[in-house]
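One structure is given below, represented as structure tokens, and several questions about it will come after.
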Amino acid sequence: QISQELAIANATELVQKITENCFQNCVKNPGSTIDAAQKKCTEQCFEKYMHGWNLVSRAYITRIQQSKYDI
Amino acid sequence: KEIMQWIDSENSKAKVQSSIHNFTDMCWKKCVTKDITSNMLDTTESNCMTNCLQRFLDTNINVVKLIQAAQK
Amino acid sequence: QISQELAIANATELVQKITENCFQNCVKNPGSTIDAAQKKCTEQCFEKYMHGWNLVSRAYITRIQQSKYDI
Amino acid sequence: KEIMQWIDSENSKAKVQSSIHNFTDMCWKKCVTKDITSNMLDTTESNCMTNCLQRFLDTNINVVKLIQAAQK
Amino acid sequence: KEIMQWIDSENSKAKVQSSIHNFTDMCWKKCVTKDITSNMLDTTESNCMTNCLQRFLDTNINVVKLIQAAQK
Amino acid sequence: QISQELAIANATELVQKITENCFQNCVKNPGSTIDAAQKKCTEQCFEKYMHGWNLVSRAYITRIQQSKYDI
């Protein structure tokens, strides 16, 4: 059950970070709706952020395993 | 059982309050960028605060949908 | 008693956010005292922030109630 | 009872330490904006750090007074 | 005893996950500064993300050494 | 034992803040290694930050003691 809570916490944190960063990147002047360009930007930003998160995850885990380095 | 419901309701009140503080802080930094010379938000700032909150919540819903689609 | 703690937590958090933001807005170059202009700015900033906090509170609570949307 | 006092005192030590970290971080970002070329704060930076802390605490006191006045 | 090990391992998994979120967030802010026009990181951004993480960890190791040396 | 945990928490927090700030101050464009200039900058930044942390600690504790002011 803890593992499941961990997975949920992880997804929640990811949603929060993506929302915060992509809102800053894509909705610089918030208007009365999300327009088509902002929506497209958010979708691209979402995939791009996931890409970055995967890069960082793999590199960090590799580094921990190689060096038993623990931050 | 009643006490558990009451605790749940207190917890979700605390979460809502905490979200309100974070949203206000984020939208303040986005919308109040001029020197302060009045004790009221002007029309531009006040529209910006409301739109900032609403579009942030829209973005949050979109991101949740995108992550759910990605997990399938 | 929890409700009371909640109210206190809420006021404490509000004081902290207002202090941080109004310090950044009003005291750009901190000197050996708070001068009259900085004090006036802080008072205006305080009311202005409360105004923004009220706007956000009402809009967020309305939206939660309309859509049962829970962030 | 003594153990409770001791726990209280440990808790308030932890709070003071945590505040010191946050104040140093905030004032560092405000005061150390040039490229780093020395292992010491120069006079301007060091005055800025101290004034930043003191004026932040002054602002905090002012905000507490304003919120107390607003609640009446 | 086994349950304690399992809890420890869950806790360190949570710490690693939380660090990954913070590193990604920090490096994103450092590396993705242009307008977003593609769903992939370009080569510059992607190198920047990886180097940002690795050099941050190097800096962390250096700081730990410096503080250990200072405590002697 | 709590006091010891407090000391460890304090050192951990200090390492984290110094790493974050000195990384931002000294490694503006992260490359494939930390070069000599970045290493020297990090060392200077470390001592400089400790200097600032000492200034803030002493001033804050003096102020608490004088005024029984508690943030």
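By written order: A, B, C, D, E and F. Residues from 1 in each chain.
Keep in mind that, in the parts below, a residue touches a chain if its C-beta (ideal position, glycine included) is under 8 Å from a C-beta of that chain, and two chains touch if they have at least 3 such contacts.
Being a predicted model, the structure only gives us computed values, none of them experimental.
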item	value
Reference chain C; chain at largest CA-centroid distance	E
Chain of greatest Cα-centre distance to chain F	B
Which of E-F and D-F has more C-beta contact pairs	D-F
Chain B and chain C, separation of their C-alpha mean positions in angstrom	13
Inter-chain centre distance, chain B versus chain F - centres from mean C-alpha coordinates, in Å	32
Length of the line joining the C-alpha centres of chain C and chain D, rounded to whole Å	18
Residue numbers of chain E (touch at least two other chains)	54, 60
Junction residues of chain F - those touching two or more other chains	14, 26, 43
Successive chains along the ring, chain D then chain F then the rest	D, F, E, A, B, C
Chain A contact footprint on chain B (complex, rising order)	26, 30, 48, 51-52, 54-56, 58-60, 62-64, 66-67, 70
List of chain F residues in touch with chain E within their complex	11, 14-15, 18-20, 22-23, 26-27, 29-34, 38-39, 42-43, 46, 50
Chain C to chain B touching residues, read off their complex	2-3, 6, 9-10, 13-14, 17, 21, 25-26, 41, 43-49, 51-53, 55-57, 59-61, 63-64, 69-71
Touching residues (chain side chain E, partner chain A) in the complex	7, 10, 13-14, 16-21, 23-25, 27-29, 31-32, 35-41, 45-46, 49-50, 53-54, 57, 60-61
